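What follows is chain A paired twice: with chain B in the first complex and chain C in the second.
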Partner chain A sequence: MTLLENKPADIPAPREITTKPRVSDKIFRGVVTAGGLSSLVILGFILIFLAYQGYDVLKAQGFGFITGSAWNVFTDESGNIDYTQTKFGIAAMLIGTILCATIAVVIAVPISVLTALYLSFYAPATVKKFMIAIIDLMAAFPSVLFGIWGFFVLMPSAEYWAKLLHKYLGFLPFFDMQVPVYTRSPFIAGVVLAIMIIPIVTSISREIFGQTPLDRIQAAYALGATRWSMIKAVVIPYGRSGVVGGAMLGLGRAMGETVAVYTVLNIVYQINWQVLLGAGGNVASMILLKFGEAGTGEIKALMAAGLVLFLLTLVVNSIADLIVKSTGAKGR
Partner chain B sequence: MDKTATKPSSLSDVAAAKQKKSPGAQSLGVGLEARGVHAWFSGKHVLDGISLDFWSGTVTALIGPSGCGKSTFIRTLNRMHEFIPGAQMAGEVLLDGKDIYESGTDVTKIRLKVGMVFQKPNPFPSMSIAENVLSGLKLAELKVADKDALLEDCLERAGLWSEVKDRLNAHGGSLSGGQQQRLCIARSLAVKPQVLLMDEPCSALDPGSTLKIEETISHLSSSMTIIIVTHNMQQAARVSDYTAFFLSDGGPGSMIEVGPTSEIFSRPRDTRTENYVTGRFG
Partner chain C sequence: MSTVIATPKPGKPWTATPQQRLITASIYLGAVLVSFTLVAITPMKGKLAYFVVFFFSSLLIDFILSYIQRGMASAKDAIARGFVSVGMTLAVLPIFSILFEVVKRGYKGLNINLFTKDMSLTSVNDPIGNGGLIHAITGTIIMVAMALIVAMPIGILTAIYLTEIRGKFAAPIKFLVQAMSGVPSIVAGLFILSAYVYPITGALSGFAGSLALMILMIPTIARTSEEVLLLIPNDLREAGVALGGTQWRTVALVVVPAAKSGLVTALILGIARVAGETAPLVLLTGGGEKVNLNPFDGPMGSLPIYIWKCFGQGTEESIARAWSGILVLLVIVLALFISARFLSERKVAK
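And now, the complex of A and B:
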């Protein structure tokens, strides 16, 4: 009875729910936040530095900086850049960057996925342990050694494969070539990059395959699945987005790789879509090539090139993120 | 006192009503036989010499407290046991008189004949309802002339057809838990197993869904052998023809008693069985 009588006439406003955190929690929160933000801040500073240094060049060259492919430096008597004649354009290097990295991903992803499937579902425990250790070691291997190995060991045999590709797939425009110069081509650089990114793509794929829910694997086996049909029906749909993510990380690494490409590739300032032809370059290796002998004005141009590479990587990673998100929902 | 006295008798009435089959009366074949099955996990002995025959066309319920080895036992019956690292077994499991553990046996063929439904509904989330039902054909690389007829037949027998016939292309995950479990049953039926193992198929479901699944089991039992692990004794009494009681006294689990369900629930020979079915422990 009293309950009915005391019933409020109108609905109350929702209450604000708060809690008083303890001091220790506040301190920890501060430490974690600082750690989390520091990487963002460092990245931001690098971006600002590159933009600040490259601003003059980008302003003078305009859009031509990424569409032109000439790099001619003219200076006046006092050593300043003469912008009326100087041409800074990195189109050839940008194309080389994308070309080499794409070749690397095309070669590395199938190998990595197969390796990851073998390690997750076929390898005996001892082999698995051993191979994981080797692959992790490969990820930590200095890139200059990959470059030297690529130059001295891989090149002679890769030249042979390149000739085969040209002979049998020469009707495809990018396998076609007019000048038979097969050494130091984007193809060979791509193969070296592929070997470099295999560990990271393999590790990520293996990690995601290993997380496949056991109940789905068992459901497939209980229906009389063979191991391969189980993998096709359960593991691949589950791991697809993770593999794409891993491939994109590999692509990012391949685009930014400097020393290995510098060692292997014949850096030539011309736009080259023919992957078997010994000419090309990528932005990072060009920066390395020019950096030693560049004057202050040219260094600014190199900073601008660095900025463009930075943004390109950012764009590729954002696209990758979109792909992962759109393919991720299915199969989970 | 009154409560414990009336409960088993009412259960036994239900069980007695079901008790129309006698061993071998409705034999559709030789069936499945376990002979002295032992099991170990990483050297720990968990199952002690289980010998049990499953007659074709009957439902056998395995009951007992948690950790007594019921689930381990049914997993030895279609060789799912060996998936757990460190799992070992001894003894024989005969399907139509042939040992399924014999060397040179194609294990995928065994699992086609002895299907399994798991505790938690586990439809493949990347597949539609129809694809889920027919997934076994793809997985086991089987060919079927009329897929649509098979799809309808399996969903019908699993009691799901009327609920999903208008949305066969929807995702399996869009169904309720009980519907998902019946989808999993339909999926196992598509490869036409002789035996269906059910590992607590209703433990994650609400009473309404449980009832539907029990009806499904009753329908299916005319055409196949069903072995069901359950913690729900009323369920065992409702759906099964035979009941086996498993118990572990801290060591490996063993089978205390097996018999027609009505007898296990009304006149158990062993006092431990009686204590369990009357709800004094477990």
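And now, the complex of A and C:
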């Protein structure tokens, strides 16, 4: 039986025990890491390219690009932008963006928090499941749908609400108005945006409320708390900062919204603090509006405006994300 | 002697007794009566007035009743319950209004031409039977498919990095994916304009549109996939490694197949996220009226652009076209969403 004869040379050397990854694993990790880093690359490229395209305008306008609110384009004979006379300033649109987004958050946050409380602590299981599906579905609706629905269906009602607000709360400076034009106002845009951000604020709040330690909830009930006193004593102190984070996330969404605002809002290039008056603005929809008729120089200014919008939403979203995360982490 | 032990029937002492139900019903009935009388005798009018008066009167009746029965704490609880229910109603009211209005205004424009013809020979005032949106449907399918081809690997690889490798970049990447999901769609459009259209092609095309859609799709896919992969029990990974598999084999042959339906859900949600995206396509695709199957050449129509254009034209026929376009888009989004739900339900059931 020659086959079974063990020659010393036939014994395979014991495999070296190591924690070093194999070649296949190295490749795998490399590929996956590269894929993971692509979000960094894309965000970096967005920053670089928008800054590169908007550089001329930002250099010529300086800080006035953010503080000025004139948009006058002068070109010389060959069609190039004459930077000595041309003024690009987006202050009016920035204020409009913040105004609309703030209205949206003011309307959406109470509704969303109440909804999240209902879903977390009041709803029967079947209703809860159905309602969560409905609200998730609402988050998937395209913005053009909200815009056109807002224009045709919501606008008549919202105008009526605006009139009521003016009639009964007109003494407040921001509900005051000289010219009675209620159509296509920042208020109506804010209502549409509020409807659009309700799903996201609700789902974040629900997530935060769901993390409330169960032992504290049960302790409150055991001490004889009603449902409301339990919520007041346990859930709200625990989830407060998380809800603030969710609201900021909604604010970021509302700031970047384009089509819905463009459809509903009457974009007028002036600073307007009267929320019920039919004139306002929003950086994103201004870009869409000006893009159609813009020459090459003006498009560079739009790129710069896009850069400002990008940085603004990035900052708001990052702060919101940090707040939400720190709430989730503090745990029990 | 045998005693028959009568087993007590399990009761549900926490549910409402018929008497309590009667009280609840009479509260609402009383509130309805109050709202009708108040609206009738005061100058208030309209649906809003009915709603507001009904809300406050039912709240008040409930408050007083709870106070008499069980004291102040219970009365406050009743008020909270009232507000929470109204918040819920206000949150879901718009969605039912949207669904109702879209069907009501959109169904008139539905006909077979919608799916066989394009708009190249149709002017704005033509009756609604003329022209259709086949160019928009093909354009949307092509652009979304091309975006998916790139976004799918990147999104899933990101999720695998976050759940399987958990390297030193995990925390910053998670942060960046979150940040990316907040990028306004118009900024994605401007970015592709500045990075691809102006320096490279100089012309608008469907491919430029799909690049922008890709940017918007990646975060949705990455975050949903991450959630799905986190649900896969660690035992599976340990079993894979214990059998001698390398990490690569464990992920490819154990973890990803186990999460398959969840990953498909992530892709579907990604598609649903971008299918109705309008702003970047307005900037990038040119929005043609003819069927164009080549994404690299010439303007390409898409459903959101079709709706956008028809809405902008403003004639009665165009608005009707816009509503039927919205109906088609809504049906697509709904179908995607329901299939995603169905897939994730099945995964839980197993």
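Operating definition for what follows: the second predicted complex is superposed on the first by the 278 of 332 C-alpha atoms of A that agree within 3 Å, B and C clash if a C-alpha of one lies under 4 Å from a C-alpha of the other, contacts with A are read in each partner's own complex, and residues count from 1 in each chain.
Following the convention adopted for this analysis, a residue touches a chain if its C-beta (ideal position, glycine included) is under 8 Å from a C-beta of that chain, and two chains touch if they have at least 3 such contacts.
Quantities reported herein were computed from a predicted structural model and do not represent experimental measurements.
Touch criterion met: A:Pro142 reaches chain C, while chain B stays clear of it.
Looking at the shared chain after the overlay, A:Arg216 reaches chain B, while chain C stays out of its contact range. The larger set of touched chain A residues comes from C, when the choice is between chain B and chain C. Looking at the shared chain after the overlay, A:Leu37 reaches chain C, while chain B stays out of its contact range.
Of the two partner chains, chain C is the only one that A:Thr115 touches; chain B does not reach it. Using the contact criterion defined above for the overlaid structures, shared-chain residue A:Arg253 touches chain C, although it does not reach chain B.
Of the two partner chains placed around the shared chain by superposition, chain B and chain C are both touched by A:Ser229.
Of the two partner chains placed around the shared chain by superposition, chain B is the only one that A:Pro237 touches, whereas chain C remains out of contact.
Residues common to the contacts of chain A with chain B and with chain C across the two structures: 226, 229.
Listed in rising order, the residues of chain C touching chain A in the complex are 46, 48, 73-74, 76-77, 79-81, 83-88, 90-92, 94-95, 97-98, 101-102, 105, 153-154, 156-158, 160-162, 164-165, 167, 169, 172-173, 175-180, 182-188, 190-191, 193-195, 198, 215, 218-219, 222, 246-249, 251, 269, 272-273, 275-279, 282-283, 304, 307-308, 311, 322-323, 326, 329-330, 333-334, 336-337, 341.
Interface residues of chain A facing chain B in the complex, by the touch rule stated above, are 213, 215-216, 218-226, 229-230, 233-234, 237-238, 330-332. Touching chain A in their complex are the following residues of chain B: 78, 80, 83, 108-109, 111-112, 115-116, 118, 120, 122-127, 135-136, 138-141, 184, 187-188, 191. Every residue of chain A that touches chain C in the complex is listed here, in rising order: 21-22, 24-25, 27-29, 31-40, 42-43, 45-46, 49-50, 52-53, 110-115, 117-119, 122-123, 131, 133-138, 140-146, 148-149, 151-154, 157, 160-161, 164, 195, 198, 202, 226-229, 231, 249, 252-253, 255-259, 263, 284, 287-288, 291, 299, 302-303, 306, 309-310, 313-314, 316-318, 321.
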